[in-house]
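Each chain gets a letter, A, B and C, in the order it is written, and its residues are counted from 1.
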Amino acid sequence: MPYPQELKELIKVVEKTRSERVTRKKKNEEVPFLSLEERKKILDYHPDFREEGRREIKVGPSKGYRIAHEMVDMLEAKSRVNPDLVDLSRVDYKTDVLVIGGGGAGTSAALLAQEQGAKVIIATKLRHGDANTMMAEGGIQAATKGWKDSPYYHYLDVMGGGHFKNIPDLVDTLVTEAPDVILWLGKLGCNFSKFPDGTLKTLHGGGTCRKRMHYAADITGAEIMRTIRDEARNRSQDIKVIEFSPAVELILNENGECAGALLYNMETEEYFIVKAKAVIMATGGSGRLHIQNFMTTNHYGATADGIVIAYRAGVGICFLHTVQYHPTGVVFPEQAEGILITEKFRGSGANLINIDGQQFVNEREPRDVESAAVIKECVEKGRGVPTPTGKFGVWLDSPMIDTLSGEGTVEREFPGKFILYKRFGIDISKEPMLIYPTLHYQNGGLEYKSKGETTLPGLFVAGEAGGGVHGENRLMGNSLLDILVFGRIAGKNAADYAKSRSDMGRLTLDHVRAYHKGLEEADIQTDRVSPMLLPDYTLPHVKERQLTSCYVGTLR
Amino acid sequence: MKISYYPGCTLKTKAKNMDCPGVAALNALGVELVELPRWNCCGAVFSLADDDLLHLLAPVRDLIRVVEQGDNKLVVACSMCYNTLARANLLMRENSEKRHTINTFMEEERDYNGEVEVVHLLSFLRDEIGWEKIRESIKVPLRGLKIAPYYGCTLLRPQSVAIEPPEKRTLFKNLIETMGATVVDFPASTDCCSSYQILSNPDVGIETVSKILESAESWGAEAIVTSCPLCEYNLGKRQEDALRKHDKLKALPTFYFTQLLAIALGLGAEVCNFELNHNGVIRLMESKKFLTAA
Amino acid sequence: MNTTDTTKGESRETTSGKELVSIFVMGKKYEIPKNLTIMKAMEYAGYKYIRGCGCRGGICGACGTVYRKPGDYHIYVGLACQTVVEDGMYLTQLPFFPANRATYNLEAMGSDPEEVYKKYPELFRCVACNACTKVCPMDISVMDYISAIKQGDFEKATELSFDCIQCGLCTVRCMGEMSQYHIAQMVRRITGSKIKPESSHLKTMVDNIKTGRYTRAITDIKSMSEDQLRKVYQAREMEPSEAPEDWKPADNTYL
């Protein structure tokens, strides 16, 4: 929808100061960058640094770790099933490798496992390919240009981006395997943007010292996802996909090894037992937990399921104390809420402006600083712009770009966003965008090692569900890389593991019983069940009429 | 001189050996055939059912594309496409009721009233370039080659879109003579090649092909020339089946007229994609020394 | 459809002052605040999605929706997550539609268009009715890419179909009963793997990594202390953003 009258009035305030800001910009008179101390101070407003936003986990392998309440709530919750009611002798599916999650990590894992001769099942919550992979626009990093780049430089960039906290072995694997991933995708028919002589086109990303971001127009993730999904479909003899059936618990054997999973058919509400010689956890991120009530760029299914069920089975978590917020997400119009507005807008000169028409931060501070500044402006200073949906945001003054670089620049350089807003009746070359930080990426996750293995024998991890490779902060272009590098590795190693395994032992859900006991011992009284599976967007006015006291027959 | 050109799907795939030499030959004659930037399959066969307007959508859309280019003339090389496009064009000109229905249905397109003139490449050679000009440009006269011109159905039927009167056929004759070759007119010149029968009813198809080949041979032809990929497929690629069935029959190389024209204009085998023809085509060209002469 | 129900509903206001519009979800009327997307309107009405909802950002193709407007015979389409409700909108989502997909072995095949024609002979049932293009929520010229495939021009088809989100609405409407988006997927993969030029620098790099060219450098840097690493990081040479493709760093120790 176009801006309503009250916002149009507020835009006039932005317009009033624009020419002066443009003049200053042209003279290179910028709002000064913050000193390291000032940065540290403003970062108190970053959600990661809000102590009241998190608490210690009281149970499980990472007991005592302080992370976001929303994530702790998922961990301090009961299973969706009563383990006593599950008959584990009734196995519905047997397979070599069970992949939980049908995004980029899961699908690449399935392909590689199949190539090792394994029979594979992909169990996925929504449709095959419904994942954050599909939404990644920017690109995929890999050092492929030997005349100016190598895995060594890629390694440095990754470590610097992650505040040097990353797990070195994982980073080593990430950067060393990267070029082979691009080659592999090419052979599968992924259309990367190229020069006529075949040289791959590459760009810089934030924090890279060499241009190594490969891309497929502005839909890199979608191009990768639909390509590998298509290949998995070509191998449907060996790769069976079970959609709308998330895993809700892992199944172990009496030796404490992973031996399968319990699937939940969301459409029929039945549970199914999969017995597998190896399991790969590739369930992705958690944006839909809406940590600290933030909107998100994430997919509908990003609810941390894999973290929850692997944690119950004894796998520790790491780096979940940091969450990546993208400073500029759409906060109005409501229908585009949470959608990411690329950094390139700020790089091209667009200021961030408060309700009084003032610039309150330099627009080229790092992501975390920028996010914190916007939050401070809205929450503490009360200079945010109120939206018709009751939220706050600040202006990203995109019309400045046309004033600075000539009429038509916005439309030419940002065709996707220009069209998106145009559909809503907003011309972003003439009217500014209303933005607010948006929940973007789960930096941490399950602990795993460079072969994808975890402390639970038989369980492997790949992609955003795992933590460590990005340290405390992921660089643009390394998430698509992560899912494919570690997806492939987990797939191959899980298949090898499956081959070596003969005796599967007796299946059990004892770990769930033990976890429930742990909750009791920690004195956690709750009705919560997890994993969440899907976010609940039912509004109060509906809920107050949902009065069914007991679910019977078709009236579930 | 530039002119809008409709190659048709087959000419872009299985019959590149008709398209490429045609474009090259016209280029050598000073005409650039400009492929429409946007076009779709013509529908391949003009539907005769009176109420089957659906199959007119495809050809009419192509004609609209010509108008969109600001042009009013379209050259077509494939006889089948020519026939379909020309008949659809005629209908749009003459039948106001159907024109209205079609235009209303295709509301996303501009209205079309038959503004475009659909011209077969053979007619274009005759009318817009002229035999004299072509003769002057011949570098490798096809001297001594006895060619049987095969019209098939779609160049001459129905009369309303025929490129010339069926009973007074001169076009192929003039072209062949202009290229320096000898014309072998034969009674089966305007017979049907059996069209799609060859697929649905191969026995009937092969018999028909055999009769045409026999007719051409008995009048002394060394080669057949055609302007339609389907005729070429039946008479050329399926010739082996006919030869196997009738041991009296001799192999008879089948060419597209664009290939012979390109050779005669001295463009050589490289523009002709002879590998897409059936066996014997190159051998004949070589034995006549038409390939080395360039 | 029940035409009596599609008469233009009057806008009204909720107690909270929000303007309401009427929409008809599979024929059933709901009053919804103006300016919501179809997806959020459905949720407002009390629907809880399992199917028909995916990325909520317009790229996954899960939420294709068809609708009509009062007194208008046209079929309209949109993605539920991107399309704003209109008063009187008469809609249903089409979260799934059966589609024919051929299995093929990409590695074993060449780039001959015949390979695609053999797998999808229905390509030649296109009558150019253009319903596919009209129904595409991504404004892709579906008929034109199908034409390009029939013309053997796979690069053009790849370009024209590149923004396809595989929602399947074209397949719903095709009178030739084609599954256009699966055909396009096969064609794009042939283009990417067999037609576009190969990247020789990529192959060189992969070979160099396999033969251990960078192993030593990375082993060394992995054993550095955080302080040392910070120094090396700070000192790294930056490729200027406007540098030409063949830019070379001054220090090539680790190349």
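Quick note on the criterion: contacts are C-beta pairs under 8 Å (C-beta built on N, C-alpha and C of every residue); 3 or more make two chains touch, one makes a residue touch a chain.
Since the model is a prediction, treat every value here as computed from it, not as a measurement.
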| Chains contacting each of chain B and chain C, listed by label | none
| said: As a test of whether you follow the contact definition, which chain pair has the most C-beta contact pairs? | reply: A-C
| Taking each chain's centre as the average of its Cα atoms, which chain lies closest to the overall Cα centroid? | C
| request: Averaged over CA atoms, how far is the centre of chain B from the centre of chain C? Could you give it in whole Å? | output: 41
| query | Taking each chain's centre as its mean C-alpha position, how far apart are chain A and chain B in Å? | reply | 58
| In angstrom, rounded to a whole number, how far apart do the mean CA points of chain A and chain C lie? | 19
| message | Show me the residue ranges of chain C that touch chain B in the complex, using the header's touch definition. | response | 113-114, 124, 126-130, 133-134, 143-144, 146-147, 150-153, 175
| request: Spell out the residues on chain A that touch chain C in their complex, using ranges where they run on. | output: 1, 126-127, 129-130, 132, 134-135, 143-153, 155-157, 159-160, 164, 168-169, 172, 175-176, 179-180, 182-183, 186-192, 194-200, 204, 209-211, 217, 219, 222-223, 226-227, 230-231, 233-234, 236, 244, 266-267, 297, 299-301, 333-336, 338-339, 388, 420, 423-424, 534, 536-539, 542
| remark: In the complex, chain B touches chain C at residues 7, 9, 12-14, 38-41, 43, 54-55, 57-58, 61, 106, 108
| query | In their shared complex, at which residues does chain C touch chain A? | reply | 34-37, 40, 43-46, 48-51, 53-60, 62, 81-84, 101, 103-107, 158, 162-163, 165-166, 185-186, 188-194, 196-206, 208-209, 213-214, 217-218, 221-222, 226, 229-230, 232-233, 236-239, 241, 243, 245-249, 254-255
